[in-house]
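Starting off with a structure, shown below.
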Amino acid sequence: MTPPLLSVKDLTVRFKVRGAAPFREAAYLTAVDGVTFDVARGESLGIVGESGSGKSTTALAIARLITHHSGEVRLDGEDLLALKGGDLRRARRKFQFIFQDPYSSLNPRRRAAEIVTEPLASIGLVPKGDRRKLVDDLFEAVGLRPEQQNLFPHQFSGGQRQRIGIARALAPNPALVICDEAVSALDVAVQAQILNLLRRLQRERGLTYLFISHDLGVVQHMCDRIAVMYMGKIVEFADRLSLFNSPLHPYTCALLSAVPSVDPDRRARTKRILITGEPPSPTSPPPGCRFASRCPVAEPRCKTEPPPLREVREGHRVACHLVGDDARAPV
Amino acid sequence: MPPDPILEVKGLRVELSTRSGTVPVLDDLSFSIDAGETLAFVGESGCGKSMTALAVMGLVPHPIGRIASGSIRLAGEDLTRVPEKRMRAVRGNDVSMIFQEPMTALNPVYTAGEQIAESLRRHQDMGRRAAWEHAIEMLAAVGIPDPRGRASAYPHQMSGGQRQRVMIAMALACRPKVLIADEPTTALDVTVQAQIFELLKDLRRETGTALILITHDMGVVAEMAERMIVMYAGRKVEDGMVTDVIAEPKHPYTRGLISCVPHLAEVLTEERPDLTEVPGVVPPLTQFGRDMCLFSSRCPLADDKCWEERPPERRFGAGHVAACWHAEEVS
Amino acid sequence: MTDFATPVPPEIEQPRAPLAETTEMFLHNHAAVAGLIVLVLVVLAAIFGPSLYGVDPYEMVWAPFTPPGSEGYLLGTDYLGRDLLAGILAGARVSLTIGMAAAIMSVFIGITIGAVAGFFRGWVEEVLMRVTEFFQVLPTLLFSMVIVSLFGASLPVITVAIGLVSWTAVARITRAEFMRIRELEYVMAARASGAGNFKLIFRVVLPNALPPIIVQAALMVGTAILFEAGLSFLGLTDPNVVSWGQIIGSNRPYILDANYTVTLPGLAIFVTVLAISLVGDGLNDALNPRLRAR
């Protein structure tokens, strides 16, 4: 087996909670708690979860855009979390980021071509003379016209801006592209254009995607394997068909059943599992399973004993006490 | 004879004055809704969904916008002709609205209870005590645990879902005839969205309020509404029962909106074809009002006629209306 | 329908630099344009006035207290019989130079401190903001009087004194803008592209933070002119160099007998500072993208 392109081990990110009284120990919010997964070369790995699940924080920590607490992130064998200064900046060409908001992610004072070549200028990768050709190629690849290169961001529509963001990410020819809610801010019709573009680029350039989204429909369409996160932990991890056709964790089941669908068959057959209440406070998570307080089938031990993430089927891992070795969903 | 609809809009035209002249952001819009019915408005941003809501609420932005012609009859009374004083009495009492972003729509300096009670005192002539007690009942009705305690909480002390519940309690406190929900769950997680929709369904059943639901999500339409109107560039392009429209759309835009979203199917397969794209974007405001089908630039079926003449609304079976020259070729 | 390319929009927008748009916005503001015209006239008068007029402002040319208009002296003479118009023209040079130099200096200090504080946050910010607050609570006039009396009343010392007490506003504005902009995604995007801190501060954040700073800098020229006038009025200035404030200060005892000796240079200050404020205000509107979007 070939080694994975990206390997994340026990990644933990925590934030100091502001407003702690003096002389009292600072409170921490653990946004990502011991997350471990691998991404194979050329695949798309999805991370889904609701707000506060830590999915975006995971992406930002892997991309070294926020400070991590502990863990290991290896890209092509190189430990990204250990890199500093110039080494880190040079390594950035191998992993690029596509941001959620096409309006705030482009510098309003730079022309489109300058934005796209920003990674090259920063890393000093391509000599100035060759950049023109590269920009032409990138603009064509993402479906923008060459005469648009000299426009400023506000002269583009939201979808076109996201294309610029994609071209910028592709400029240094990265191996890994992290898409953090890359289509969430777009209108549905434009969203389809961007999703198709991302898939085409993946086929053509052999890209590996780490795809963060709250939209299960989009993740289902884009990703080969999917991790479901809840309050900083991965609760379920499986390949696409296994996860969507036979989800195991009660939270995943509830999440899937909550998605409104146009498919009358699906509407008729899915019984909605309504989860009630609110997630517990992230600053003092419960000792056991973090979903226990809202879980429809929780048992006493769920509240005290944290369930380990274990493999119950080939390639299907779940963190739930109630999933037996027969791999049947408890709800 | 069927009973008169609770809200009847006829030939509504709303104009906006821009730098390049006056443009119709709502162009000859007619629809009606019965008590207890749910009518969904779908379309991309900038197509006039929210403007419809504002027009019904008498909140067309002054002075750049105005109702140029048409009528909005609420239980027989034409709201386009009543003075502002009467409109203030209607707003929040007979017609009320819930917004997309519950954080900014609630006043941060008043508690949840105060904001609900305030509306009751203004419209229903209730005393301070009675209004407060009724506010607590409303909070209980929208499923907020410990309503007496939460009535004294400020918006920032609540979660997004709870804030949206407070908004709903506020909107329903005076038992309005029509409730307009403008993307009520877009800012919320899917599991919370499911809770809010269950709540809206229950409340509608109990109170007989007519619900106008503005959304971009076809899944939501399918789950929540009986009838739907598809808006494009300020015009109604399709109108009909949700089941009919989704099963057999008569306008290419409707078909595009349905098929461009990666839906969760009953059973997923390996098959993942590219999404159907609706290329391009909504035309700029300056083109609104032209005598042509405004969808022509994005339509695969468009021919010369589409570019030269606005298609009239045509009937297809019971209550199914579409404005397309090529409606027969769509599904 | 699977065509991914965006159809050509009917009107292809011409690439327009933000600068062109800003200029257009500015020209629509009549008060600002009027201010700009006045300001240009004042600057021209300061540059060419003294040599064109050709009268030495330091020389006694006529009887003291000759009222304006008489004997060919357009604005009359002061208590020593010096030509007031020559004094105001020469004073314009000094006042404008001090105003500009002090403003440039305070903008430079303010941007540096504000940018570093707003970008790095943490303890760096704490320290720098305490320093800023220290300068902010200093009684400005008193502090500059101390400097001037310590180092002598020469123009460079006065400029530095004014610059030292007026950079705090720029620092605060810069810090606020940096704190806002550094959270925007395009800054994170630049970081993800491999940009270092130096590049992030000066090439990414600063250009976007400039509009309010430019406005503040314009207004500061006016404030600095007023400040210099105040110091001169109190006699804390180089007695051998004529400036507007100095004329007012030296003629102060005779304000009742020959009020024009004080009024006319005062008017010069008023008109110039007003013109600068109008220009600053116009810049504020023109540089504000929210207004521009409409």
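Chains: A, B and C, in written order; residue numbering restarts at 1 for each.
By definition in this document, a contact is a pair of C-beta atoms (placed from the backbone, for glycine too) under 8 Å apart; a residue touches a chain by one contact, two chains touch by 3 or more.
Since this is a predicted model, take the numbers as computed values, not measurements.
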{"item": "Two chains sharing the most C-beta contacts", "value": "A-B"}
{"item": "Relative to chain A, chain with the most remote C-alpha centre", "value": "C"}
{"item": "Length of the line joining the C-alpha centres of chain A and chain C, rounded to whole Å", "value": "49"}
{"item": "Between chain B and chain A, distance of the C-alpha-averaged centres to the nearest whole Å", "value": "32"}
{"item": "Euclidean distance of C-alpha centroids - chain B vs chain C, Å", "value": "52"}
{"item": "Junction residues of chain C - those touching two or more other chains", "value": "2, 4-6"}
{"item": "Chain A residues counted as touching two or more neighbouring chains", "value": "159, 193, 196, 200"}
{"item": "Where chain B touches two or more other chains at once, by residue number", "value": "256, 274, 276-279, 281"}
{"item": "Chain B contact footprint on chain A (complex, rising order)", "value": "50-51, 157, 159, 187-193, 195-196, 199-200, 214, 216-218, 220-222, 240-241, 244-245, 254-267, 269, 272, 274-278"}
{"item": "Contacting residues of chain C [partner chain A, same complex]", "value": "2, 4-6, 8, 12-13, 15-18, 184-186, 188-196, 199, 204, 207-208, 289, 293"}
{"item": "Residues of chain A touching chain C in the complex", "value": "63, 65, 89-90, 92-93, 96-97, 99-101, 104-109, 111, 118-119, 122-123, 143-145, 147, 150-152, 154-155, 159-160, 165, 168, 172, 193, 196-197, 200"}
{"item": "Chain B residues touching chain A - in the complex, by the definition given at the top", "value": "44-45, 145, 159-162, 189-195, 197-198, 216-224, 243, 246, 256-258, 260-270, 272, 274-279, 281"}
